Amino acid sequence: MLQVVDLACRRGDRRLFSALGFALDPGVLLHVRGRNGSGKTTLLRALCGLLLPEQGTIRWRGEDIRTLGDEYHGDLLYFGHLNGIKGDLTGIENLRIAATLDGDRIDTDDLWRALARMGLEGFEDLPTRMLSQGQKKRVALARLVLSSAPLWILDEPFTALDKDAVVLLQTLIANHVDAGGLAILTTHQEVPLTSGRIQRLDLGTGFDTEH
Amino acid sequence: MKEFLAQGGYAFFVWGAYGMAALLLIVEVVVLARRRRTILTRIGRLVRMRGAKTP
Amino acid sequence: MKVNWFKFAAPANFYPVAGWLVSVFAVLAAAAILIGLYWGFFETPSVLGGTNPQKEYYRIIFIHVPAAWMSMWLYLVLAGWCAIGLVFNTRLSYMMAAAVAPTGAIFTFLALWTGALWGRPSWGTYWDWDPRLTSELILFFLYLGYIALHSAIDDTRRADKAAALLAIVGLICVPVIFWSINCPDPTQCAALHQRSSLSQMESNILSSMLIMAFGFWMYSFAAAFARLRGIILEREADTAWVQELATKEARR
Amino acid sequence: MGRAFLSLLRRDITLAMRRRTDVLTTLFFFVIVVSLFPFGVGSEQQILRQLGPGVVWVAALLASMLALERLFAADYEDGTLEQLLLTRHPLSLLVLAKVTAHWLLTGLPVVLIAPLIGMQYYLPETAIVAMMLALLVGTPVLSLVGAIGAALTLGLRGGGILLSLLILPLYVPVLVYGAGAVTAAFTTPAESQPYFYLLGAFLVLSLILAPLASAAALRISLE
Amino acid sequence: MGRAFLSLLRRDITLAMRRRTDVLTTLFFFVIVVSLFPFGVGSEQQILRQLGPGVVWVAALLASMLALERLFAADYEDGTLEQLLLTRHPLSLLVLAKVTAHWLLTGLPVVLIAPLIGMQYYLPETAIVAMMLALLVGTPVLSLVGAIGAALTLGLRGGGILLSLLILPLYVPVLVYGAGAVTAAFTTPAESQPYFYLLGAFLVLSLILAPLASAAALRISLE
Amino acid sequence: MLQVVDLACRRGDRRLFSALGFALDPGVLLHVRGRNGSGKTTLLRALCGLLLPEQGTIRWRGEDIRTLGDEYHGDLLYFGHLNGIKGDLTGIENLRIAATLDGDRIDTDDLWRALARMGLEGFEDLPTRMLSQGQKKRVALARLVLSSAPLWILDEPFTALDKDAVVLLQTLIANHVDAGGLAILTTHQEVPLTSGRIQRLDLGTGFDTEH
């Protein structure tokens, strides 16, 4: 479904990786691994089309994502290092806007259920700026509960989450993949990924640590 | 009466001033009274909600 | 018998006292304003002769001057409560400050509005960059700054302290501002200081104006205490006594 | 598509309303800047009247610009802008929604308060009417053009002041014709008509081009 | 203590120099605002001369204020401000270092460019000298007083415009006496002396009080 | 050395904890645990004096930290959710300023050594904004290598770090504690803390997660 051919990315004046190629079929979880600074975030942003790679093409259902444009964005759900939620809006409002912009028609009950699922009962009506680090992350991740996008790209989704939330997120990802979705994620934590088919991609070491 | 309302031809200014004063003060009083009541009912609702949940 | 005044510094204890004060001051205010208005409209001559040829529009004075006085006095009160709050860190004084500010802003606006309506027939213009008017305008901005800053911060404790600091900085600056506007040319400041002429006023006008001023003063007390009650309820929403009160009121 | 536009528009307005002050402060900035001049210049009626139109327009420019700085910045910092780029809707539409919200919150209040300011500067009535009309047509142009600059300076340190450097020159035509319309209306209202035609033309032009340009600039800024 | 002061001062200046534009943009903002007025007002020599002092001072006020908005904001967002609060040095000293850097980067350039602006507005030579001196004494006051506002509005949405509401009224005395000094110097320089004494007094006062107030405000804002 | 008596903190309109009391002797590592939103960050900020607790006192060497003021700050090193480094300065510059403000007189070689120790060789001269998430965190943590402060307060210091860096940080903390220092930290990751004496503090559950 997603096909990457001969990809090369450069940041500043360093080439991070080159001649990177892989193909992912539906129902696969790709775990991108690598040390700090090895280019995981860069790769993920390139896969989203947020960053123009130096070389190579990325194909979605056989077509170049550059030509697909907004159509590709409709199939995609991306989480970066930033949460992408507004501190001044409540959890419900944040989720509603995200769903509307994703083009999903979702009624209010679903929104409340999604937040409850993320363990935010009682916090749905607070401006998210008043939540703790981990709670903010949970609000952002509630989109995953509602999303119908086939491709998930998640950059370190487990940071700031406590153990319960980590387990919950694992379940969400596993369900998505089992239902024929595609997920690409990075994480430094040792999270046992419980999905059916896992592929691993190791990016070259950015640099060495001595200790 | 008419003469009183006319204020020697300066009705607009005199009543304009008094009107705004009356308006602001009355609005303030009403807002204050209403606010107290809404706060109390809100808290009452919260208390009842919590009371319903605990048992 | 020794009264423990600090007991009243606790919002829970002050709440019922404030309720009682509101009614007392409201009655006083209503009485004074009614008397003042009656006197002002029916017992004062409708045309002033002599050196100060004013027509009926002088009746604006009965709200204009009291409003102007209250606007300045209430800023002092505001800053005073803020200072007490910052020094002693008492919650009630911050609440007092927050309760006074909107009333002060209203009176400031009233002074400007009525002044403008007076200026048109008297000077032929609604607005002039006269020192007194200008400093009132700046006072209005100071009030708005306090209110805007307070409402922009939603952690109440932080909002209280930040706005209090602003009010005090404003207080230090007020004399400087007032004086700089009054005296744009520092070589001739003395000449500009004689302006108001309360003593030359007709005694009926003067007394009804003073009664109105007293009425406005009482009104400010009443409004401030009423607002204070709301603020106390809002901030103490999760204490037992407020919840008890709320359930009692709801049953009624 | 309409739903996305409306939803974003409503979001931005809700955000501003949450901090009730947000709407009022642009207004007050405008009023304060306008009120500062007499302190510096003196309060002679003749001078103030001549200054009036220029001061009002410069203040409107500055108010619009200052608020513009935050048009995309908040969304950029918390990552929502990234998410907007990755929706199925054309980015220029979303930009237009944001600009519309911005104008409703900053431009419109300025238009509405203009008469008061006109009085402070002793303007004749015809000029006050012309000023309101000119502001009504001109301020959306300011918002639209400014959005391009806001998108370009996104994420740069000292963006606010860089922004002013970029867009103030673009504002000059609006300023010249806007102030011109008011001055022309001092005596006969009809004389200011050509100015209005020009301002209208600017508005149409910027409505078509500015959202596209801003969208392109956003894509560059986020890379 | 001196080392901490210098190190922070140097840091802020280095940061501004890294983005070379930062230093120039305040300056350009000032120049552009001042140059906008003739577009709005017309270019009659007599009027411009009368306007000159006022316009220059209002522009200096706005430029100082605009740059102030970022005085603490950047440090707040990346967490360095938190760290400054937790050093062994008195916070007011560190605030003073930051304000000094701010003035060197925004106030001083304005002082230096003033003669050019004066010429644009056909000011006589005595007035130009007085203007430079007045700006030299007055702009640090603006930075110092503005720092209090900047600290109070830290981290608030729409902070920039709220800031203007808070501090522009406090700027009025500087504006009145600053512009007054220039106007008084139109004929004889000696006449502007009292103005300078007053401006000097403001400077001393704000040097003593403003860092303390800003430090207190910062502690409140970070809570 | 650090003594907390009857502490209560409130955020918004919720009281997070109350009647919290503990005392820490030199050479102890305190691990604060709790779910998302249970008040860990709040507690740590109160311990730093960044947040005025609703009630209770915190004593350092027997004196209230409110009266100690800047003197206490000199003994303290705090890491929050934010890195506290300037994106426009290089790693070396960031570190030098932090050291100067801490009052340590440190020569340039030490700075380079500290960054090398954190595995940032080759990145010392880049503006930190050009570094990856984990590399930024490493720059910030380099202060730990140089610090002589007896009390470390670290809020989730392990996020964004890769495995090597996690091990390195563990060593740093262990050394600090073994040398008689005091460390207080929070983390959701299962990091085996290798120090001599570990105390644990569990904050009440903020809310429940269902899954």
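Here the chain labels run A, B, C, D, E and F in written order, and each chain numbers its own residues starting at 1.
One rule holds for everything that comes next: a contact is a pair of C-beta atoms (placed from the backbone, for glycine too) under 8 Å apart; a residue touches a chain by one contact, two chains touch by 3 or more.
This one's a predicted model, so the numbers in the text were calculated from it and none came from an experiment.
**Student:** Give me the step distance from chain A to chain B, shortest route via touching chains only.
**Tutor:** 3
**Student:** Starting at chain A, how many touching-chain steps does it take at least to reach chain E?
**Tutor:** Minimal hop count between chain A and chain E: 2.
**Student:** Where are there more C-beta contacts: C-D or B-C?
**Tutor:** Of the two interfaces, C-D and B-C, more C-beta pairs touch across B-C.
**Student:** Just grab the chain with the largest centre-to-centre distance to chain A, centres being mean Cα coordinates.
**Tutor:** Of all the other chains, the one whose centre lies farthest from chain A is C.
**Student:** Quick one: compare the interface residues of chain A with those of chain F and tell me same or different, with half as the dividing line.
**Tutor:** Result for this pair: same.
**Student:** Roughly how many whole angstrom separate the Cα centroids of chain A and chain C?
**Tutor:** Centre separation, chain A to chain C: 56 Å.
**Student:** Approximately how many whole Å separate the CA-defined centres of chain C and chain E?
**Tutor:** Centres of chain C and chain E (C-alpha means) sit 33 Å apart.
**Student:** Provide the C-alpha centroid distance between chain B and chain E, rounded to the nearest whole angstrom.
**Tutor:** Each chain's C-alpha centroid was found; their separation is 43 Å.
**Student:** For chain A versus chain D, what separation do you get between their C-alpha means, in angstrom?
**Tutor:** Those two chain centres are 37 Å apart.
**Student:** Mind pulling the residue numbers of chain F that touch at least two other chains?
**Tutor:** Answer for chain F, listing residues that touch two or more other chains: 12, 52, 81, 88.
**Student:** What positions in chain E touch 2 or more of the other chains?
**Tutor:** Only 15, 19, 74, 77, 156-158, 162, 165, 168-169, 172, 176, 223 qualify.
**Student:** Do you know which chain B residues sit against two or more other chains?
**Tutor:** Answer for chain B, listing residues that touch two or more other chains: there are none.
**Student:** Sort out for me which residues of chain B touch chain C in the complex.
**Tutor:** Residue positions touching the partner: 4, 7-10, 12-14, 16-18, 20-21, 24-25, 28-29, 32-33, 35-36, 39-41, 43-44, 46-48.
**Student:** Residues of chain D touching chain E in their complex?
**Tutor:** That would be residues 15-16, 19, 21-22, 25-26, 28-29, 32-33, 36-37, 39-42, 47, 50-51, 53-55, 57-58, 61-63, 66-67, 69-70, 74, 77, 156-158, 160-162, 164-165, 168-169, 172, 175-176, 179, 183 of chain D.
**Student:** Can you tell me which positions in chain E touch chain C when the two form their complex?
**Tutor:** Where chain E meets chain C, its residues are 148, 152-153, 156-158, 162, 165-166, 168-170, 172-173, 176-177, 180, 184, 191, 194-195, 198, 202, 209, 213, 216-217, 220-221, 223.
**Student:** Give every residue of chain E touching chain F within the complex, in rising order.
**Tutor:** Where chain E meets chain F, its residues are 3-4, 7-8, 11, 14-15, 18-19, 74, 77-80, 82-90, 222-223.
**Student:** If you look only at chain A, which of its residues touch chain D in the complex?
**Tutor:** Chain A residues touching chain D: 48-52, 70-71, 73-74, 76, 78, 80-89, 93, 96-98, 100-103, 127.
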